[in-house]
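Look for chain A in each of the two complexes below; its partner is chain B in the first and chain C in the second.
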Partner chain A sequence: MDKDIIVEHRSHLLGHGMNFVANIPTVFHCHHFNLFWDQTIDDALGHELSCRIRTAAAREVFHDILAGLVTSAGASTPEERLELARTVFAAFGQGALTLDVSAAGGAALGRPLHYSHTWLEKYGGWIRRNTPADALAAGFAAAATEVAFGLPRESVQAVEHSCVARRDRECTFELSVGDATSVAGPMGRLQVERAMTDPVQGLLEDQVAPIEAGLREFSRGMLGDDRGLIQAFGLFATQTPSTYYNRSGYDALRHVNRTAPQSAPVMKALLREAGHVCVFSTFGGVLLSPEWEAMVGPIRGEPDEILAGSLAIARALGFGHWCAGEFEPGQRLVLQTPGGYESAYYVSREGRATEPMCFVLQGAALAIMQLIERVPWAERPTLNQEFYNQLFRNGLPWQAEETQCVSRGDPMCEVVVSRREPGNGVL
Partner chain B sequence: MSKEDIGRIALGAPALQQVVLVSLPDCLPVKQWTRSEGRDSEAVAAHMGSLFGQAVDTARASAARGKALAVTIETEDAVLMIRPLGPDAAAGFVFDRSAPMGLVRMQARQLSGHLANIIPAPRESQDLSATPERQTRDLAPHVEGAAETIIAPARPSVVPTSTPARAGEAPKTSSAPRPRAVRLLEFFNRYAPDPHASTLRLSLRTGIGVEQLANPEALSEDQVEALAVAVRDILGQEQLGF
Partner chain C sequence: MLTRDASCTRDLLWRLELPAGDDATQLADRLAASGWRDRSLLPILRDLEGPDGHRVVIVPRTGRVQLRICYVVPPDARAGAAARLAAALSQPG
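Right after this comes the complex of A and B.
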């Protein structure tokens, strides 16, 4: 089975910056974001509940992707379907997964897996971890088993027993078949199209559009290597169905609102931080990469150049059709988009929000301002964790407010970044 | 602590070429780690040998006077930093000269903090928060900006603080015994990953407000217990010594 099957099934909703595989919305994210997102849900719910929610989110959405792919690939036997699943997992940069399963369940083995591999690389030198890190792989293994043997959606349970992040030799999973749990409604291309608002026009469009087109072509071919990992731009990337992030994040937030409402603003701040670390590291890494230099030219560090580049990257990676509504270097940035992967999910699954709900977008807008204002591009810095900590240890000089949100019924999502007012805290 | 332990700690610092641990006050090399890939490690070790000798001389003189020390030497192709790990040990770090100085200083500080945390138990006390060994990084501000050889002040005696010190901040002095919550937060802030988000994470895990965490002395016993669990879980420690 060739990884190119993923390339064939990748599609894009032009004018809305949405990516799909087999008509399920996906987005490219870096390991910094992935780890921080999961960690925030762990912090909010405790590992056990967090792990259950994240596993269920992965299982649901990977079932849909795999079911779509086995049909169009004509994979009819369980063996063919499991082989296809293994290929998809690696192509997405999620790692190498071996499935030893039957219609009654079984076992899975991962080595390496994106989450535990990158956790160990990023944090393993400083701290220890006592809980497994690969809920996404667990959910994937469950979905692959369901699809391979024609079992109902959300009927297979998966538990990770040993994990490389915990310094075990490999990651192992136990799969068992139970009753189907609550089956979530569909969350595919149709739902995304319905949730999007009319395209918006922004500044610098003549600069953004050609870069966006080039990057979209480039990212279409981005696939996991022999290890099943995508290592590029100074980080590890994955293509992940956005429902994994959205369902786990919004489910966790709902739980916090119910059980500890005083902590909800703290959780939202951490979800924003996930978006911030992602855009700072990933977009910054892309802007500093040889691939960027080959396609666009060497980075000079001019504000318009960094802004246009960031908007193009967001659109190509599947964040949304980000536009600059206003931009005054050093003072103010207004980021606008006709919805994004967060609002698409929220509108389809959660209904009408009473407040803005695009936390990744909020953190991302803040990070674009940081990239413009605070990175010494001429020095070509390495945007690693140390650089990040050094820059942000004492907080941020900017603040971001989502002033419009499609999830709340507004015609677009809009985030205004301005200088932090004295006395405004992190929340 | 094995060579592999040092290697793992060095993972996050790609510009780091070599680490040598020495005992104090005699400055005898105890353990050495050299990055192997992409370089002739023996050549690096040999080249650094003479430099290290000079630095050790300075260190020995300083240690003989009972001073904790931090030494920085820059050459054409390398930066050598010596940092105290406590009264019994120091670490020498050799970085690629191409790495930005700010980064080198910060990484040397972080690495010595982590090494201080895993070197064998100190002679004096097991209290992680109160031993001078654990305050290695608190010495760091005294040598920030150092481009030449600088001797840091003598290691502080047990330093009580009334507010949680961010890593790198020198604790304030007072005579009252420090509350457990204060010591917990000091310890946590010194070792927490993602330092800019660490207070938010503690708040989310414990349900204690961010403002309350800024005044740890006022926390209730239950809150302090919740704090201890959160610190333990985030840092992956089986148990804390306080």
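Right after this comes the complex of A and C.
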């Protein structure tokens, strides 16, 4: 089975910046964001419940992707379907997974896996981890077993028993078959198209559009290497179904609202910080990479250049059709989009919100202003944790407010970034 | 000259400045001719993988050369691997 099957099934909703594989929405994120996101859910719920929610999110959405792909690939036997699953997992940059399963369950083995390998890369030198890191892989293994043997969606349980991030030799999973649990509704291209509002136009479009097209062309061919990881833009990247992030994030927030409502503002702040991490690490990494230099040229650090580049990156990687409604360097940025991967999910699954719900977008907008104003691009800075802490954990000069949100019924999502007023605690 | 490149974490990414007069495109062609696997997705960015899994990423328009040390190499061995790779690349073709 060739990984090119993923390239054949990649598609894009033009004018909305949404990417799909087998008509399921996906987004490219880097390991810094992925690890931060999972840690946020862990911090909110504790590892056990967090792991269950994240595994369930992965299982649901990978079932849908694999079910679509086995049909179009004509994979009819369990062996063919498991081989296809292994190929898909590696093509997405999630790692190398071996599945030894039957209709009654079984075992899976992973090495390397994106989450545990990159956790060791990022933190292994100074933190010891006691809990497994690969809930996404567990969910995938469960989904692959369901699809291979025609089992009901959300009926296989998977538990990771050993994990490389814990200094075990390899990652191992136990799979067992039970009753179908809460079966979530579909979250595919149709639901995304229904949730999107009319395209918007913004500033700098003559700069953004060609970069977006080039990046999209490049990322269309981005696949895991022989070991199943994607090393690109100076990062480890994955293509991940956005439902993984959305379901885990919104389910966790709902749980916190129900059980410890006083902690909900903290959790929302952490989800926004995930947007900071994303823009600092992924967008920053892209801007400094040889890939960017080849497609666009060496980075100079001019405000319009960083803004246009950031908007193009967001669109090409599947965040949404981000536009600059207003931009005054050093003062104000208004980011607008006819929905994104967060609102598409929220509208389809959660119903009408009473407050803005695009937390990654909110954090990302503020972080773009930081990239524009406070990163010395010409010095080719190293985007490490120390620099991140200096930029984002040392008093932010900006505040960001999502003034419109499609999840709330507004005609677009809009985040206004402005200078922080003294004493104002907003974001 | 070999230095850690922007975004380098744990010694994975290195910037190699070629000696004056050396042509980055010729380096890419030489590696491809000697059996390095061409992983380039676009002609404007050459991406070649050697037998040890290390990659050499070359931007022909600017001459930038980035060494990507294979991530299975333990972190404390990566600087040495980068130095050896840089020395090998600097040998006349």
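The working rule: the second predicted complex is superposed on the first by the 423 of 427 C-alpha atoms of A that agree within 3 Å, B and C clash if a C-alpha of one lies under 4 Å from a C-alpha of the other, contacts with A are read in each partner's own complex, and residues count from 1 in each chain.
In the analysis below, contacts are C-beta pairs under 8 Å (C-beta built on N, C-alpha and C of every residue); 3 or more make two chains touch, one makes a residue touch a chain.
In this text, all values refer to a predicted model and were calculated from it rather than measured experimentally.
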{"item": "Touched partner set for A:Leu203, first chain B, second chain C, both or neither", "value": "neither"}
{"item": "Which superposed partner A:Leu109 touches (first chain B, second chain C, both, neither)", "value": "neither"}
{"item": "First (chain B), second (chain C), both or neither touched by A:Gly125", "value": "both"}
{"item": "Partner chain(s) touched by A:Ala213 [first = chain B, second = chain C, both, neither]", "value": "neither"}
{"item": "First, second, both or neither for A:Asn389, with chain B first and chain C second", "value": "first"}
{"item": "Chain B versus chain C as contact partner of A:Pro290, first or second or both or neither", "value": "second"}
{"item": "Partner chain(s) touched by A:Leu49 [first = chain B, second = chain C, both, neither]", "value": "neither"}
{"item": "First, second, both or neither for A:Pro381, with chain B first and chain C second", "value": "both"}
{"item": "Shared contact residues on chain A - chain B and chain C", "value": "121-122, 125, 381-382, 384"}
{"item": "Contacting residues of chain A [partner chain B, same complex]", "value": "36, 39-40, 43-44, 121-130, 260, 262-263, 266-267, 269-270, 273, 379, 381-382, 384-387, 389-390, 392-395, 425-427"}
{"item": "Residues of chain A that touch chain C when the two form their complex", "value": "112, 117, 121-122, 125, 217-218, 221-222, 225, 227, 229, 231, 233-236, 284-285, 288-291, 293-295, 297-298, 380-384"}
{"item": "Chain B to chain A touching residues, read off their complex", "value": "8-14, 100, 102-103, 106-107, 110, 114, 166, 191, 193-197, 199-201, 203-205, 207, 209-210, 233-238"}
{"item": "For the chain C and chain A complex, residues of the former touching the latter", "value": "4-10, 12-13, 39, 41-42, 44-45, 49, 55, 57-62, 64, 66, 68, 71-72, 75"}
